[in-house]
Structures are given as C-alpha cells and as structure tokens.
Amino acid sequence: QTELSLWYHGAGNEVEREILLGIIEDFNTSQPDWTVVLEEFPQAAYNDSVVAAAVSGNLPDIIDVDGPVMPNWAWAGYMQPLQLSEGALDGFLPGAIGEYNGEVYSVGLWDAAVAMYARRSVLEEYGIRIPTLEEPWTLEEFDAALVTLDASGEFEYALDLGMADQGEWYPYAFGPFLWSFGGDMVDRTTYETAEGVLNGDEAVAFGDWWQSLFDRDLVPGTSQDMADRETGFIEGDYALQWNGNWFGVQTLDAVGDDLLFLPAPDFGNGPKIGGASWQFGVSATSANPEGASAFIEFAIQDEYLAAFSDGIGLVPATAEAAAMTENYSEGGPLEVFFALSEAQAMLRPVTPGYVFQALEFRKALSDISNGADVITALDAATDAINADIERNNGYAVAQ
Amino acid sequence: MSTSGPQKSLQRHPLAGWLMIAPAAVLIATFLIAPFILAFGYSFTNQRLISPNPTEFVGLRNFEQLIGVGTLVLSPETDDAGVVVRDDDGALQYPTVRSFTRANDDFPHLQGMQEWFGWNWGDDRVVVLARDLVFMKALTNTLIFVAVVAPVQSALALLLALMINQKLRGINIFRTIYFMPVVVSIVVVSLLWRFIYDGRNGLLNNLLEFLSFGLFQPIDWLGNPGTALWAIIAMSIWQAVGFHMVIWLSGLQTIPVSLYEAAEIEGANAWQKFRFVTWPGLRNTAVLIIVVITMQAFALFAQVDVMTNGGPVDSTQVLVFQAVQRGYEQQNIAGGSAISVILFVIVLTISLTQRYLTRER
Amino acid sequence: MAGLELKDIRKSYGNVEVIKGVDLSVEHGEFVVFVGPSGCGKSTLLRMIAGLEDITDGDLYIGDKRVNTTQPRDRGVAMVFQSYALYPHMSVYDNVGFGLRLKKMPKPERDKKIREAARILQMEELLERRPSQLSGGQRQRVAIGRAIVRNPDVFLFDEPLSNLDAALRGSMRMEISKLHNQLGATMIYVTHDQVEAMTLADKIVVLNAGIVQQIGSPLDLYNSPANLFVAGFIGSPKMNLIAVTASDATADTVTISGPALPSTTIPVATGHGIKPGDTITFGIRPHQLVRDEAGPLKGKVLLVEQLGNETIVNLDLPSGDQLVATLPGSAILHLGDTVTLGFDAKNAKLFDTNGDAVKPA
Amino acid sequence: MAGLELKDIRKSYGNVEVIKGVDLSVEHGEFVVFVGPSGCGKSTLLRMIAGLEDITDGDLYIGDKRVNTTQPRDRGVAMVFQSYALYPHMSVYDNVGFGLRLKKMPKPERDKKIREAARILQMEELLERRPSQLSGGQRQRVAIGRAIVRNPDVFLFDEPLSNLDAALRGSMRMEISKLHNQLGATMIYVTHDQVEAMTLADKIVVLNAGIVQQIGSPLDLYNSPANLFVAGFIGSPKMNLIAVTASDATADTVTISGPALPSTTIPVATGHGIKPGDTITFGIRPHQLVRDEAGPLKGKVLLVEQLGNETIVNLDLPSGDQLVATLPGSAILHLGDTVTLGFDAKNAKLFDTNGDAVKPA
Amino acid sequence: MAAVTEPNHVARTTWRYALLIAVAMIFVFPILFMVVSSLKPDAQLLRDTSSIAAFLPVGDISLDNYFGAFRRAPVGLFIFNSIFITLVTVLISLFLCSLAAFAFAYLEFRGKAVILSIIIATLIIPFETIAIPMLMVVNSLPFIGANGVQWGWLNTYHVQMVPFLADALTIFLFVQYFKDLPKELIEAARLDGASWFQVYRLVIVPIAGPVFATAAILKFLVMYNQYLWPLMVTQSEQVRPVMVGLQYFFQLNTAWGEVMAYLSMITIPVLAFYLVLQRAFIASIASTGIKG
C-alpha cells in the first residue's frame, strides 16, 4: 500500500475532522492500493503553510485549496489537473468546480453562499418589500430601505456588512456588488488589465454608493469589532446583515422563524453572490496522482457531500446531496441558500492574479469606506493590479 | 619599544575570544545574516513567492518603484478669458492630478503616480507625487511611531522600574502585574484592544464618557485616520513597557548601594539621587534600551496586522507590515525585500548616529 | 549647635547583635575618635549616626532632636566612607563639588571651595580625573575632600587616612586638626592609627565587640586604661601583660610574684579589693622597660626590630611568657642574647581577676 | 626559584608616564617593601608584576623567564588587592578556597588549608559570611587569606593591613613574617606604615613619581638616606630639614650656619664636593634632638602631641623655620614655652645643592 | 525591622501603595479579561465586552470553555511542545550568548568591534522579512539525528530551536551588563589561576544573576510567542507550538470563550516562569554592593 498525504485546512474543527476521517477510512478500506493520511492545519495559517511547503519542496499528495486561489497555485505549478472519470462532476454547482485553463484542477464538496439576513417582523413594520430571487431589491429600493431603517432610530445601524472581517470576506462578499454594478476586479476577457473595469464609470458609481453608506452612517465601518459582528444582528442592534450561510444555523437558533435569508440586491446587472469555497486538488509533486484523484473522486459522493453539509452547514455541491441534508432539503431552513448559489453565484476572476487583485480590491474598499477619494482609490488599485500583471508576464502559463 | 620588538598585549586573547564568540557568531551568520543577504539579493531581482517564471535581475527597479517621487505645479483653471474660475465658496479650481498621471503622454514620468501632499504657492498649487504612496505613508508613519514610542516608552519603563525597585512588602505582586501585558501574546492583546477601542461602545469611550460626566463624544479610535496611529502607539507602549522595565531593573541592580548612601548624606533628594547616581549608573542600560526600543519600534507589525491592517486610508501603514504584505500576501518577495533593505539602511544610519552621539568620550 | 547623644544604641543583623548598647555623649565641637579591633562595630556606629542603618534600639540625638528616623540628608552630617564611595562617572572636581551643587551654591564660590580643598589635600592636578584613574590614596583624599567642602555640623570619618603614606598622613592629620579648630564642628573619627587617635582626639572611645570599654582623653587611656582590653589595645607596641599571683596586699600596695617575675611591690590606691592569692595581671609598657642589669626581668632575645630611632626587642622569658621592650636608638642585640630589664614600679599596672584596672597610688 | 628582575620598566596611561624606568632585582626569597607617597606608582608596579597591566616598555623577568606577555595565571603570583576584590557571591570560605579549587586540590586538603589560614587571620567565625556582611578589616583579612593559601612563588601585597587595628596589625605582621620564613617565597609588599616597612623588609624600595629614589635595607634608608626625598619620607615624625649655608668646608668637615642655626661643624666623608657659600640642607631627626640648655636650637612651643610614651613637640624657630622634636615620656610643656634643643653633630645629615646626601664621616 | 513607624513614614508608605495600585490597574486588565471571559459562554462574553462586566465573573460562569478547548485541540501537546522548545532554546541561548558577550565585554582581540557591530546591526532585521530565505536555509541543512544524516530540518523540534539559539538582543543585553561589573574581580580570578572559561563560569555567571534572569524572561517570551516560523516549518501536529495551536480556535465562527480558555492555559507557563525567575532577581538584589 502506498501512503497518500492529505492536507486539510480545518484543524480545530472536530466535526470536520470526524467526517473527513470517516471518508478516509471508507476510502482506505474500499481499495487495496492507497492509504490516505490526514494532516490538519488551522485555516488562518493554511495558505502560508502550503506556500512554505512548496518553497521547500514538501507538498503532500492531496491538497485542499480555496477556490479562487486555485488558479494561482495551478499556474505556479503546485497543482496538476485531476484525473477524474467522465461525468464525475455532473450536477455539481458551478462554484464547486475548480477549472483553470480548460482543465479541472480541483473540486469542492460544498459551496458557500451569502444572503441578506433580515427579520420578517422588522421589514413588515417599516413597510419594506420582502424581495425574492425572481424579483430582488433594486439599488434604489435597497438604499431606501436602509434609509428607512436608519431613520427609525431603532437600530444602531441599518445594515451590517461585516467590515470587521478583514480577510477574503471583502472580495467574496462585496465583489459581487461591484459585478452587479457592472464593474469587476479585472477585465475577464483578457485578464490582463483592470483599467476601465475597476476604475470605470460603473465601478466609480459603485464606489460612490459604497462610500455613501458609511458617510450616512448606515453601516458600521472597518473598525467594527468582532463581537459586534457576531452579536449585532442577533441582539437587534443591526436591522439587516450581509452574512454567509455558515452563520445561518446559529442565527436561526437565536432569532427563530422570524429570520429571513434574502437574495442579493440587483444593482443593475443582475443580483450576484460569490461562488467557490474550499476544494480538493492534487499537488504537482505528488508521485501518485492517480491515487490522489481516486480519493477525490471517492470523496465527492453525495453521501459525503451531505454529511459535510449537515456537519458544518455549508451548501452541498449537488442537488441530490442537498436533498439528503437536514438544512438544504425541501423545506429545510437553509434551502434558500442552495437556490441562491444556483441562481446568483458567480466565480471570482479565475486567474492566478486574483490573489493580488483581491487584496487591492479589499484595500480600495476599505479606503473608500474610510473617506478616501473614490476615483483615486480605484485608480490606485487599478494601477497596482496592472503592475502586478505586468510583473508576472501577464500570468501567462509557463510552458 | 623594548629590545624584544613589538610587544604582544596581555589584554589580547584572540584564541579564547574567538572560541567564545564562535558558536553564537556562526549561528547568527547562518540564521540571520545569510537569510538577510539572500533577501538583499532578491531586492535586485523580480523574485516572486509563487511563480513559474524565472527570476531575473532587475537592478534598482524595485527601489525606484518605491521611492520615486515627482512634483507637479497646478495652475488654477481659467475660463476662456483667462480669468481664474472660482467655485461657489470662492475657492480656486485646479485640474485633477489624475489628468496628468493617467495616460497623459505629455507627462510620461508621472504615469501612475499619486498625490502625496501639496501646498499652495500663490495661486498655484504644488503637489508632490509619489510613485508608491503606500510605501511613503508607511515610511512616515514608521518614523512617527519610532519618534514617539522610543522616548516615551523608555521613560515610562524607567519610571516603572524605579517604582518597583523599592523595598516594600508585596512589591513582587506589583512587579508581576506590571509585567502582565508582556506575558500575553501581542496578537491576543491586539484583539483585546480592538474591543477597548471600539468606537460605539468600547471600554475606552465608556470610561471617558463616565469620567467627563457624559461630555465626551465617543471616538472611533481605530476607524478614524486621525486617531488610529495614536491608538496603536498608546497600546504598543502599554504592551511593551513591562519588557523594558525588566531590563531597566537589571541595570538598576548594578548600582552600588554605597553611592546612594554617599549622595543621601550629601543632601541629595530623590530626584537628585536619580539624576546624579542612578542615571549615570544606567548609562550602558540606557544605550541598550534605546537601541532595542528603536529597533522594536521599527519592527512594528502584529498590532497593525491585527488591529487595522494598515487602515483607515493608510494611516497606520508601517514598513514591516508593508514588507510582509508584499512579500507574502502579494507574493512579491522582491518588493518586500526591497522594503526590508530600505528599512535596514534607515535603521543602521540611525543607530550609527546614535552610537556616534552616545560614544564614550 | 550639634552635640550628639547616643542612648543605649543597639544594632542587630538578623540574630547577631553587633552593637550592644552604646551610651555616649559628644559635646558640640568635640573631636571624638572611635578605636577598636577590626569588626567591633565602629563603622556600624558611624553609619547609624549618619542615618544609613536603622537603629535597632535606643535613641540618637543630634543637637536636641531625636533623629532615629530622620533621613540622612536632614541630619547635617558629612561622612568619609571606608570604601570611599566615589561617584564613578564624575571627575574628581565634580565628586568634591557634588554636595555644594546640591546646595545650589553659586559656581564661583563652589569653585573656590573645591580648589581650596584640593590644595589642602594635595590633589590639585587630579581634579579632571575620574576615580578609576586614581590610586588608592588619591581616592581616599577625594573622599575626604567631598566631606570637608560641605561645612556640616557633624563630620564622620571612617578610617580616612588608612591608605596614605606617613608624610601625607601627617600633613592630613594637621589639616583635619586645623579644620576642626576653624569650623568648630563636631567630628567623629574612626582610626586604627594610634598616633592619629592620640593626637587628634579630645576624647577616645574604645569599643570592643559592640561594647564601649572606656571613654576618655588620650592620655587617660594611655596612662590609666580601665581594663585589660584597653591596656592591651592602646599603645604600640602593646603593653606587656603577665599573669601573676598577689602574694600580699596592704591598703595601698600589692605585692605580686609569679614564674616570670620575682616578688615586686606595686603602690596602689586604697580600696583595691585584691586579696592575697588572687590571680591577677601585671602590665608594663614596652617603653617603660629599661636595660638594667639588676632588673627583675631577664630573657632571651627572640626578635629584634630596628626602627631607626628605637629598637623593639621581643624576649622569651624563662617562664614561657613573652616580653616586648622598646629600647632607644639602635641597640645592638643579637638573637639569643640575654637581656635584663627593669622598670619603675609606679609605671606598673595591675588588673584584678575581672580584668579591671586597679587604681594606681 | 623565583627571583624577580625589572629592567627599565615603564608604564604610561595615554600620555602620562606614571612609571619612569624602574630597575630592580629581587632575589628569590627576599622580602621587598615598596614605599612612596600616594600615587607614586606602587600599585601600578605591582599590577605589572602580576600581569594585570601591560608593560609599556622594559623587561620583566620572573625566575629566568621574561614574562612581559605571560598571562597572570601562569606567573605563579598571588596578590592582595588594595581594594580587596572579593567575590561577592562566595562565602569567605569559598573566597579563600577559590584558587585551590581551580588547582583541583582535593577537598579535605583544601579544607585544612582554608581553616589554617582562617586561624592565622583570626577569622574562623566568619567563614560562612558573604563579603557584604564583613567589616573593612575583615574583608582585608579575607583578601590576605586568599593569597596565602595558594603557596605561590611570588606574593604581592598591596597595603594589606591598612584597615586593621594596631594589635591585629602587629600580629598579622608577625604572621606574614613567619609565613615568609616558612615558605621562603619572594614577597613584594606595599605599605605606608613605617613600622611595617622597617620590620618586614629585607629591602625597601623608595619610589617617588614613578622613579626609584633609593633601594636598601631599612636601617640603611633610615641612617643614610640617599637624598632629601628619602630623608623626608622615611622616619616618623619626619626628619627636620633646614636650609643653611656652607660657611666653610675642609676635606672632612663642613661648617654650616644659617638664620636658624649658629655655626656648626659637621664631620663628613672626604670628596663631598661642597664649596663654601653653597646653599645646602641640614637634617636632623626629631628623635635625635635632646633638651639641652646649651644647645644651638631654641624655639617657641607651637604644638604638643602627647603619645604616652613620648611627646612630639613642634617648635617655631626665630628664623621662621619649624622644628619637630620627639622627647621621651610625657614632657610637661605648654604652648609658648621656650625650649632649647641640642644634637650630636655626627647624627646630623647634610644634603648638597642637588638634594643628594653628603656622605657622613 | 526597625521600629520606624513615625506618622510621616506611614503616610509616605500609604502614598506609595496607592500609586502602585493605581498603576497596577492599568496593567492588570488583559489578564483579568482573559480569565474572566474564559468562564463565560460566547454570547455573554461578547455582550459583556462593552461594559465593566467584562472584568467580573458574573452571569453564567462555568468551565465549559476549558473542556471545549481540549476537545478542539490537543492543548496538552501544544503546551508541552512549546515549553520544551522554549526551555531548551532559552537554556542554550543564555549560555551561548552570555559566553559571547563575556568575550565581547572583557577580551580584546582583533575583529571584535566589527563583529559586535554586525551582530548588533542584526537587531534591525525584523524576522518577518527574512522568514522565506531562512526557510530555504534550513531546508538545505543537514541534521544528524537518530536516523543518521538527514537533509532538511522541516517538521522537527530542532528547526524551531536552532535558528534562535543566538540572537543579538540577548548578546547585547549581556554585553551592556557585563561592562558594569567590576574589572577587579576578573583580575583577582585570573591571578587565582582561573582560565577565561573559569572566570566566566565561576565568577561572572554567579554575580550576573539579574541579567540572566532578565535575558531568560525576555527570550522565553519571544520563543513562546513564536508564530510565523513554526507555522512555516511544522506540518505535523506533533511538533506544533501553542501559538499555531491558537489558530485552531479561529474558524468561520470564532469560539471566543474557548479562545480565552486556551489563552488562559497557555499563559500559565509564562507567568510561572516569570515568577520563578523573579525569585532569582530578588535573591541577587540582596547581594548588591558588587562594585562597592
């Protein structure tokens, strides 16, 4: 038997470990050739650990990779395309499939989705329409709702965007606003410039609106503390909250039936939310890529997708699996998220440069929210992104 | 010179000396100097953290990128008649800087630069542009941070050390308490202070409100570009002061009691004893502390990383934070290394000046 | 006016009592010398007067004020430390002027005083040096200088001349004596030098193991030691003390005899309380022994020390006792020679069974 | 065998030369005493012999080996420091035993030696103490103990007894003398105590300002000082030196006269080189002055110091010169009394215009 | 103790304590907050942060968070790893650095000034900026262990220790302190026949207690709080230290109560170490007068 090492980002999460160990055990007993061995890393440190391992030539066979980062790793040569059997990915949510350069490099057992958390009672009280997938809030409607809620004086802030969370949350949660406005972090046709998309008129419109949220004190700023992020909505200090599905169960427990998960507003180019979460892939240095692929193919069975979803509350990657879960099956409390993922999810730019672009986007957003000149901030981000692309020879795939 | 030719000094012990420093010197050479030289080398290349592209030598480009500055003189907008236009408030109107720095073929050298600061010169407006505005802000913030923290923190640490160097019952308890912030990891302390500085209902605001009988208006300490750096400064001093207190303490203990006795008999009061006995006796310790605090202040990172991420609007950007951001997050090892090298050069200059000024005469 | 009054002063370090109840009163302007064997508590007593050691028990008055808990600086004393306690980072000039500077004496006046002290102490050319660049004796002089510039009410000197050569010591002694006359300050002086003690003191305090043995004028102590300890301690070479038996005693004479000494009658004061048969001690100073072929003491020369002006001879008596005699000039004697010595009975001292002196006639 | 040979030894601190060419040879087993005024370079010379200071110029031999650059530990010397230099963290026992421990002497043997030294130095009950708990004299004894347990070839003592009382100093002197006889080691001893110098030394070296003035046996120095400096330095109270004029000179006499002294003829050795009219110095020791109503010296009593066995009288001569005389016993004299003194002409010393002694007849 | 209970003395003492306590308040609260919070459930903990209740053990108090922490991460293992790595490093580095500092402070030899300057210059290099090159360095070094010679140090204890055995701060600290010690002691020892190493071991080390304690404390802190480096070089849980372990608690939903419980637990060793060394401090105060 050959050992296959597997790195996973979930250290400290018992439930994830249990499920993953279950899958590994099933896999190990299901065939004679491979034994998968799990090594866990804390999420916050995971990417750095992988990069360090890559630098020192110590990558495992199977790695876990955050969807939008995958192109970067694939381009850098950390990863190799999966060797999956035909049709293995049929029915998968698009966000769960990691495709780069025409090849599938990674696949996720779940996807994540964000929604606008709201209380039915509150919306009704202030006469705000409850939006639907088919008919989401428009910009004007949404903005008006915020103003109304703020004016009521009942809330400290009308909306909590989660500015306390400084990580990937910004591009993941707020990038789709930009997309919906018609801008983007990079020109997706060539992936070679951000000029005109990140600092174009649409983007500037988005920036102006974004800044106005803070200027009008509708939302808490970047200095929001984590406690407020976690308790503000539940305690009733915030009227609305833009939050991920991983908070769903917890909030439901606290708020009960009154809780609504509303779709993203449509800022002009259709409502959007971000897609792609953690996925599995095979490292470029793996001596046994077929074994690694075999494990991944084994792991993406519906029962496991469902198990993960039940365990950690994320959106199962297939409809079949969704049907098997507590939360995403018909009538389940989070069912709506599956629908959101299906209907609104859009991938973050699939380019190795995304990692850098995300940072610049984050910085621009936080500067704008803190009063920086919108055009200047977007220009700066655009320039930085272009410079980065140029430094990397346009992120051309090495031969 | 004596008949037997030049004499070997009795005070020279090359063999023993080298043997004693060898282990430490080898370790430092291997694990500090060698990596630093590598980093130094990277700063002249386009080395990336992650990249399939080969590394190329780029000369000084990374440095030019960082420290490039330019100036631009803007004349007020005039109407067709050549009369300056004023807006409703009577202020002059200037063309946007953007119009010069973006795709303006007349000013290729300003391409991509950003406004750093400016002033009015008659009716004209002079603008200083920086190629890398974030770096420039990081640089100035770092210098401010050092200039404030180094003296204040060393003085406070000394004050604390003097306070707990008394012979009093239970003084150990206080010594331990004063040291507590150091014991807790800086990452944790930074998290805690985010709660304290919270602009809405943070403890600091609550406390100030209470103390001023409600007159005080809550301030968003970390969310306000005017206060964020100062908030980090205060917290950093609070956190590290115990560390240097301990160093001062060990210095205090080398001062012979008999000197205090002599001074006391000669009529010195507490301040004079400090001024004429303690302080001169702490000379070596003071050099150490000043150097160490300066170095540590230059290395400011964790607080910014946890508390503000350099924001709001770059008001808390500092050099090491930028070096790390570029090196790791932006995967631009060369750029990060260049910042490290600049930092090294700055600090080396300062410390050489410091040593020159405090040298034994 | 600063007389001094010590009332049953005691000092313990842990369980060890080193000062065991000292009573002493010093008039204003008096010159008191403390003598006693090494470790008897002289420095400790001085340090208590200065306020550098807590007084374990008893009362200390300076002037009319009880000063047990007064801070040293408020006691108006100056002290020369046995270990100098010079400020290592100050020049000699600054060391000496430190107390004046603290008093905010104007510079020119200060300068005058410092230079005056330097002149007295013959160290004018050393003023710019640091203590580490001085010899032992030079340091000691700086320590003295520091005390004398200050004009305190009470001077405390702890073996201030121990590291000086005879000539310098002589002239320093002179200077201190002069200073005392000029200033009229109270001085307390610890020394091991008999000449110093004898020449400087108005009053000598003999201490032994923390207990005062005798207080009196120099000649009193020399001529009428109160007990065996003082007799042995004062005078150099020390008094010969020989155990004898009182063979007879009248009202005003005691006849003694012993293996070392044929029967001799010594005149004493009445009420001496010695009974025939008591084992008592006979004492005679080396200087009071003269060569006298008919004398009662005969012994073999054991050691001859030529001092130039006189010769110290150690003799082995047949009884096994040793005897020291100081003979004038350079007596020509060889080891093994037999020497016979005599003395004047009225110079002889007797000490009773308790070691207390028997009053001479 | 460890004789010692110093050949034109020099020492400078920066520009200041403090030892200016010392030539000295010490036989194995000799006891050499260095005397000289404070700061003349005695300690420096000792430290150079020990190997603690670089020798600026000249050659130093211990035994037959040139040791200018030999490490202190390889020179086989032991030293008692003027400032003790006790190890503060070790008990007295360990301080004394440290050298033996380094030599890896077995414990029981070591213990025996330490206890033996403690007995000699009368500090058996102090063995467990730390230096900080000792009196000055006690520390000094520990320092001596540390040297004597080690049985080195050469002992260096830097004022080892300066802080001891007369009695103890007497017995310590005895012990050092005994030790010297027992061990037969070479000893070099610095002292300011004339008695110590006279009694201990085989050979005294008189230094002044880094220059050797005279080397000789104690009585030589006392009786035949080579120059004015030595005459004034050796002997206490110091020799009276009075400026006079040579009124006449034959082959073997010089007749002097001056305001202080009526014409007196002094016998001298031939070849003295004094011409009539020369201004020369006349010297007479205080002990050699006797009361003599017909004597040539008459003066007013200025100061009387009673030492018990003798009396030191300072006289003011009509010429303005001062004169010191030591009279036997307790001479009853009052300030202002007129005293007439005489002397034996063969005791008188003459010093020529250069200050060098004129050989006596 | 002397019977000094005069009224002004009492007043002065009272003032001193008042001041000490006032200052103590400024410094004590992080620990208080941490420990108190570790006893509260998440919701209450977060709610309390805005009021004085943050420092009071009120409401729903339990040890649940501690059990939770143990379930979430091998806390014992992490603490053991950290203590082991830290103690070994501290011990060895005190030795190496004080030895080097001894030579720098007391021995004269050619090149000394230059080397010392270079070493002190390395104080300037923030670790973060050389971590990647350092990774490359350790990755290319051999190590002789139980299994013979191995290349690359990753994923071991020693990779977390060796690079930190010598550091400029510690050396500098020792040098500056040694300069203040009396030279005569060394001279006396040299005459007593001590070799340089013996002077170091038998004379300097014992009287330099305070600086050893100080250096130990400072080094302990630095090592114990290592984060970036272990993160880069430890891939196996077996060798991970506490600060990397801390990340186990920051998931999508941070378990604040458990974080506080974990922090409380990992702070204990540091405090204990400090308290132990503080004794050394006090003991050495008693024997001052070194220079006297």
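Chains: A, B, C, D and E, in written order; residue numbering restarts at 1 for each.
Note that in this section a contact is a pair of C-beta atoms (placed from the backbone, for glycine too) under 8 Å apart; a residue touches a chain by one contact, two chains touch by 3 or more.
Predicted, not measured: the structure shown is a model, and the values here were computed from it.
A.B. asks: Does B-D or B-C have the larger number of C-beta pairs in contact?
C.D. replies: Of B-D and B-C, it is B-C that has more C-beta pairs in contact.
A.B. asks: Where the centre of all protein Cα atoms falls, which chain's Cα centre is nearest to that point?
C.D. replies: E
A.B. asks: From the C-alpha centre of subunit A to that of subunit E, how far is it in Å?
C.D. replies: Using C-alpha averages as centres, the distance is 39 Å.
A.B. asks: Could you please state the distance in Å, as a whole number, between where the Cα atoms of subunit A are centred and where those of subunit C are centred?
C.D. replies: That gives a centre separation of 93 Å.
A.B. asks: Distance from the CA centroid of subunit B to that of subunit E, rounded to the nearest Å?
C.D. replies: 22
A.B. asks: Averaging over Cα atoms per chain, report the distance between subunit A and subunit D in Å.
C.D. replies: 94
A.B. asks: Can you tell me which residues of subunit D touch two or more of the remaining chains?
C.D. replies: Only 51-52, 71-72, 83 qualify.
A.B. asks: What are the residues of subunit B that contact at least two other chains?
C.D. replies: 9, 11, 49, 195, 198, 200, 202, 256, 258, 281, 328 - these are the residues of subunit B that touch more than one other chain.
A.B. asks: For subunit E, write out the residues touching at least two other chains, lowest number first.
C.D. replies: Counting only residues that touch two or more other chains, subunit E contributes 49-50, 132, 136, 195, 246, 288-292.
A.B. asks: Which stretch or stretches of subunit B touch subunit D in the complex?
C.D. replies: Subunit B reaches subunit D through residues 1-4, 7-11.
A.B. asks: For subunit C, which residues count as touching subunit B in their complex?
C.D. replies: Residue list for subunit C touching subunit B: 47, 50-52, 71-73, 77-79, 81, 83, 85-90, 98-99, 102-103, 146, 150.
A.B. asks: Which stretch or stretches of subunit A touch subunit E in the complex?
C.D. replies: 7, 10-14, 39-45, 48-49, 52-53, 55-58, 225-227, 230-231, 234-235, 244, 246-247, 250
A.B. asks: In the complex of these two chains, what residues of subunit B are touching subunit E?
C.D. replies: 9, 11-14, 16-18, 20-21, 23-25, 27-28, 30-36, 38-39, 42, 49, 160, 163-164, 166, 168, 171-172, 174-189, 192, 195, 198, 200-203, 206, 238, 242-243, 246-247, 249-251, 253-258, 281, 284-285, 287-288, 291-292, 295, 298-299, 301, 320, 323-324, 327-328, 333, 336-337, 339-340, 343-344, 347-348, 351
A.B. asks: Which residues, counting only subunit B, touch subunit C once they are in their complex?
C.D. replies: It comes out as residues 256, 258-259, 261-269, 272, 276-277, 280-281, 283.
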